[in-house]
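Right after this note come the structures.
One chain, chain A, appears in both complexes that follow, with chain B as partner in the first and chain C in the second.
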Partner chain A sequence: MILLKTSGLSKTFGGLKALSDIDFSISSGEIASLIGPNGAGKTTFFNLLTGVYKPDAGEIDFCGERIDGRPPYWITKRGLARTFQNIRLFNNMTVLENVMVGRHCRTRSELFTALLRTPGFFREEKEIAESAMERLRFVGLLDDGNELAKNLPYGAQRKLEIARALATEPKLLLLDEPSAGMNHAESLEMAQLIQRISKEGITILLIEHRMSLVMKISQNVHVLDHGFKIAEGTPDHIQNHPKVIEAYLGSTQETPEITIDARG
Partner chain B sequence: MTKKISIGFLLLASLALPLLFQNSSYSYVIRIFGLVGLYMIMGLGLNIVVGFLGLLDLGFMAFYAIGAYTMALLSKAGVGFWPALFCSVSLTVAVRALLGAPVLRLRGDYLAIVTLGFGEITRIVLNNWDSVTNGPRGISLITDANIKPVSVFRWTLSTNTDFYYLIFFMLLLCIVMTRRVLNSRMGRAWMAIREDEVAARLTGIELTRMKMIGFVMSAAFAGLAGGIFARWENFVTPESFTFWESVMLVAMVVIGGMGSIPGTLVGVSIVVLVPEILRNVLSPGLMSWRYLLFGVALVAIAVFRPQGIWPSRRRERELNAPLSEMKEVS
Partner chain C sequence: MHSFTEQLLNGLTLGSIYALVALGYTLVYGILLMINFAHSEIFMLGAFAGCGTLVALSALPWPLSVGAAFLMGMLACALVAVAMEKVAYAPLRRAPRLAPLISAIGVSIVLQNSVFLWRNDFLAFPTVFPPTQINIGPVTLSLIQIVILGSSLVLMGGLWLFITFTRLGQAMRACSQDREAAELVGIPVNRIISLTFFIGAMLGGAAGILYSLYYGSIKYNMGFLPGMKAFTAAVLGGIGNVPGAMAGGLLLGVSEAMGAAFLPEAEWKDVLAFAILILVLILRPRGLFGERTSEKI
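Up next is the complex of A and B:
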C-alpha cells in the first residue's frame, strides 16, 4: 500500500530550481533512502512534505489525502514527523520536556483545564509524561530525562530529536542525515535504532550521505541531482547505475562502487 | 525548606505591612505597595508575552486603560464592583483578541510596532472621545451618588489598606494561575515556541493559536489591574496610560528576569520602589537627577546581568551560552 506519493513536485528559490517535477512514492512499512550530492534538493523535499514551504507545482498525497499547502501542525497530526539536518532541539528545556512537547498534537488540554486542574488535566499530564518516558526508553535516553537538551552529547541529541518525532505518533518518519557527524560505532547503533523503529510499523524515509548505512538498511533508494530525480531502485541497482555514479563523480567514468562520504 | 520559609515570611510581612504603617506618618507606604501589587499583576501578564512567547509588547498599558475606563464608566452607570470587574477583564480580552488575530501571524518584530501604535491610539481616543471619556479631564468617581461601594462579602472597601489587601489577594490568585498554566501543555508549547519556533511548528504545535491564547491571557491581567485601579483611585485620565509607562513595564520584566515569576515580582518592586526611595534619600538639589541615576542603573543591569536579577533557571543558562542562532530550516 502506498503511504505517500508526490507527482510533479517542483520548488524554485528565486532563479534556482531546487526541485523539478519530482514523482516519488513510498509504501507502508518500507525503509527508503533519499541520496544525492550536496545541494541536490533533499532537505527541500522534506521541507515541502512537512509544509515548511508550499510547492510551486505538483501534489503530495499522504494516506489518500492531499497535504500540500497545509500548515505543518496539520501535517504532523496526520502522521508525518521529521528530524532536522542541523539538530533543532528545545535547548533550554529538559530532555523529557522536549519529548513531552511531541505529545502536543495528540493531547488537548488548554487554558481552562490547566487553570482549574480538572481530573482530566491530571490524567492527560500523566499520559503525556508516561508516553514521553516510553519514547526515551526506546531510544535509550531515559536516564538523561532531567538534563537540559543542550547538555547532551551530539549523538544523544540526534536520538532525542528522533524520540520527540516518535512522540507525535507518526506513520511516516523523515530523518535528515541521522548519522551525520557520528563515528562508525555510533552510526551502526543509529542503523539499529532505525530498524527497530521500522519494526514498530513506522515507515521511514531517510536522507543519508553514508552509503554503507543506506545500502545496509534501505529497501529502496531514490537519487536526486540538481533538483531532478535521476534514479530509483534497490540498493544494488542504484550502486551500479551509471547516472548515479556520474552525479557523484561529475564524470561518466565507470566506478565499481560508490564510496562517497561527503558528510563524515 | 528554606524556600518555603522565606515564602511564608514574605507572605506574613506582606499581610502585616499595612498594620505597621497604618497609623504612622508613613501611611503613604501602603499606597505605594498597593501600586507595586497592581504593577506585579500587570508584570505577570506581560511576562507571558515577553518572557515566554518571546514577543515584544510596547503598548501593554492600553489594556490597563481599557480595564480602568470600563470600570469607571460601568460604575457611573450603577453597575456593582464585581460585575464591572468581570466586564473590565472580558472587554480587555476581547479587544486584545481583535488586535492579536491579524498581527500574530506576522513576524515578531511587527508586533512591537503594532502594539506601540495601539497604545498610542488608545490614549488618543481616550483624550478625544469627549462624549464618553470626558477627554483629558478624565472621569471622577467621587461625587456620583449612583456608584455602588466596593464590597467583599459584608466588608466595604474604601481605605488604602482595604485596597492593599484586595490587590494582595488578587496578586496571589494571578501567581497561582500563571504557575498552573506554565506547568501544563500550554506552558510547554510556549516555551518550545520561544526556544525554536520552526521546530515547534514541525513538532505539531499550532503556532498562531498558542500565541493567541498567551497574548489574550496576558491582557486579562492588565484588565483586572486596571479595573481595581479605577475604583481605588476614583479617577481615571488618559495621562495615566502613556507609552512611557508601557516601556517601564517591559523594563520591569526584563530587569527581573524574563520567563521567571519571582523575577518579574522582583523587577517590578525595583523599578517602582527605587525612584520612591531615591525621592526620600536624595537632597532636593539632586531630586531631578533621580531618573538619570535610575537610567544608569538600568543600563548597568542590561550590560552586566542581561539575564535579569532573578532569571528563570533555563533562561539563565541560555544567555550565558554563545549565540548560534539557526535561521534556515535544514
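Up next is the complex of A and C:
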C-alpha cells in the first residue's frame, strides 16, 4: 500500500530551482533512502513533506489525504515525523522532557483542566511521562532521562531526536542523515536502531551519505541530483546505474570517494 | 534597623507587583523575541476592569468582591491580549523584527487613548480593605501589603508549577527554545503563542489591580511608569528568563524603597534603581539570570 506519494513536486528559491517535478512514492513498511550529492535538494524535499516550505507546484498525498500547504504541526499529527540534519533538540530541557514534548500532539489536556487540576489532568500527565520513558528505553537512553539535552554526547543526541520523533507516533519517519558525524561502530548501532523502528511497523525514509548504511538497510533508493530525480530502484540497481555514477563522480570532483561501494 | 526592615517589606511589596508585570514581558519575549510595549496598557486595563467590578459589587463582603475583581480583571486582560496578538502581531510573524515592535507601540497608543476618551482624570479606586495593621515582631504590615505579597506569591508559584510540570508549560518552553522544531514535533505554535499572551496578561492584569489597591487611584496613563520599571526588571533578570523576571522585579522594588528612605531626596529613588540596572548590564550584559542568547531567526 502506498503511504506517501508526491507528483510533480517543485520548489524554487529566487531564481534557483531547488526541486523540479519530483514524482516519488513510498509503501507502508518500507525502508527507503534518498541520496544525492550536496545541494541535490534532499533536505528541501524533507522540508516540503513536513510543511516547512510550501511547494510551488505539485502535490503530496499522505494516507490518501492532501497534506501540501498544511502547517507542520498538522502534518506531524497526521503521522509524519522527522529528525534534523543539524540536531535541533530543546537544549535546556531534560532528555525526558524533550520526548514528552513529542507526546503533545497525542494528548489533550487544556489550560482549564490544568488550572483546575482535574483527575484526568494528572492521569494524562502520568501517561505522557510513562510513554516518553518507553521511547527512551527503546533508543537506549532511559538512564539519561534527567540530564539536560545539551549535556548528552553527540551520538546520544541523535538518538534522542529519534525518540522525540517516535513519541509523536509516526506512520512515516524521516531521518535526515542519522549517522552523520558517527564512527563506524556508532553507525552500525544506528543501522540496527533503524531496523528495530521498522519492525515496529513504522515506514522510514532516510537521507544518508554513508553508502554502507544505505545499501545495507534500504529496500529502495531514490537519487536526486541538482533538483531532479535521476534514478530509483533497489540498492543493487542503483549501484550500477550510469547516471548515478556520473552524478557522484562527474560533478563532485573533489570527493570521488563518495562512490557507491560500501565503505566505513 | 526598624525602618530598614519596613522599607525592605515596602520594597518587596512594590517589587512583587513589578515582578508580575515583568513576567508578561519575559514570557512573550521568550517565544517571539519581541518586546510587547502594549503590556503596560494591559496592566492599566486590569486596574480599570477590577475597579469596575469592585464598584458594581460594593454591596458584597470584601473577600468576595475582591475575588470577583481579580477574576474579571485577569480574564478581561487575557482576552484583550489574545485579540491584540491575533490582530497586531500574528500577521507580522515573518516580518523584520522591528515591525511587530512598532505595531506594539501602536496598540499601546490605541488602548491608552480609548480609555482616555472615556475618562481622562484620576478615578478613586474603592478602598475595600479595613485599615488593619498587623504586627509581626517589630515589623508592622498593613493588610493590603499582606494581600499583595500573598497573591503575588501564589500567582508566581502557580506560573512556575505550570511551566515546569504541565504539558502546555513544556510546550511553551519548547517553543521558546526552538519554535520551528517545536512545530515539527507537533506543537501548534500559534495556539501556544496565544496561551503565552493569555497567561502574561492574566498576571499583568492582577498586578494592575494590586497596584491600584495599594495606591488608591487609577488613570488612563497609569501603566507607563510601572510598565517601564517592570520591563527594566525583566532586562535586569535576563529577558526571556522566568525566575530572572521575578528576581529582577523584587530587586528593583527593594532598591526603589531603599532609595526613597535613605537617599537625601526621595526623588533619587529611580536614579538608584536605574543605576543598578546599568551596573548589572555592564557586569552581566545578559542580566542576572540570562543565558547565552542565540539569534534564533
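Keep this in mind: the second predicted complex is superposed on the first by the 250 of 264 C-alpha atoms of A that agree within 3 Å, B and C clash if a C-alpha of one lies under 4 Å from a C-alpha of the other, contacts with A are read in each partner's own complex, and residues count from 1 in each chain.
FYI, a contact is a pair of C-beta atoms (placed from the backbone, for glycine too) under 8 Å apart; a residue touches a chain by one contact, two chains touch by 3 or more.
Source: prediction; values computed, not measured.
Asks: Does the chain A-based superposition show chain B and chain C clashing or fitting?
Replies: Clash: chain B and chain C overlap once superposed on chain A.
Asks: Is A:Asn86 in contact with chain B, with chain C, with both, or with neither (first, second, both, neither)?
Replies: First partner only, chain B.
Asks: Output check: A:Arg164 vs chain B and chain C. Expected answer is one of first, second, both, neither. What do you get?
Replies: In the superposition, A:Arg164 contacts both chain B and chain C.
Asks: For A:Ala57 in the superposed arrangement: first (chain B), second (chain C), both or neither?
Replies: neither
Asks: Based on the superposed arrangement, let me know which partner A:Lys77 touches: chain B (first), chain C (second), both, or neither?
Replies: Once the two structures are laid over each other on A, A:Lys77 reaches both partners.
Asks: Check the residue A:Asp176 against both partner chains and state whether it touches chain B (first), chain C (second), both, or neither.
Replies: first
Asks: In the superposed arrangement, which partner chain does A:Thr43 touch: chain B (first), chain C (second), both, or neither?
Replies: First partner only.
Asks: Please work out whether A:Leu188 is in contact with chain B alone, chain C alone, both, or neither, and reply first, second, both or neither.
Replies: A:Leu188 sits against neither chain B nor chain C.
Asks: Using the touch definition from the top, say if A:Cys105 reaches chain B (first), chain C (second), both or neither.
Replies: After superposition on chain A, A:Cys105 lies in contact with both partners, chain B and chain C.
Asks: List the residues of chain A that touch chain B in one complex and chain C in the other.
Replies: 50, 52, 71-73, 76-77, 81-82, 84, 88-93, 97, 100-105, 107, 109-111, 114, 121, 124-125, 128, 164-165, 168
Asks: Once bound in the complex, which stretches of chain C touch chain A?
Replies: It is residues 162, 165-168, 170-171, 173-174, 177-178, 180-189, 195, 198, 291 of chain C that touch chain A.
Asks: Give every residue of chain B touching chain A within the complex, in rising order.
Replies: 177, 180-181, 184-189, 191-192, 195-196, 198-207, 213, 217, 314-315, 317-318, 321, 326, 329-330
Asks: Considering the complex alone, what residue numbers of chain A touch chain B?
Replies: 43, 47, 50, 52, 71-73, 76-77, 81-82, 84-86, 88-93, 97, 100-105, 107, 109-111, 113-115, 117, 121, 124-125, 128, 148, 150, 164-165, 168, 176
Asks: For chain A, which residues are in contact with chain C within the complex?
Replies: Chain A reaches chain C through residues 50, 52, 71-74, 76-77, 81-82, 84, 88-93, 97, 100-107, 109-111, 114, 121, 124-125, 128, 164-165, 167-168.
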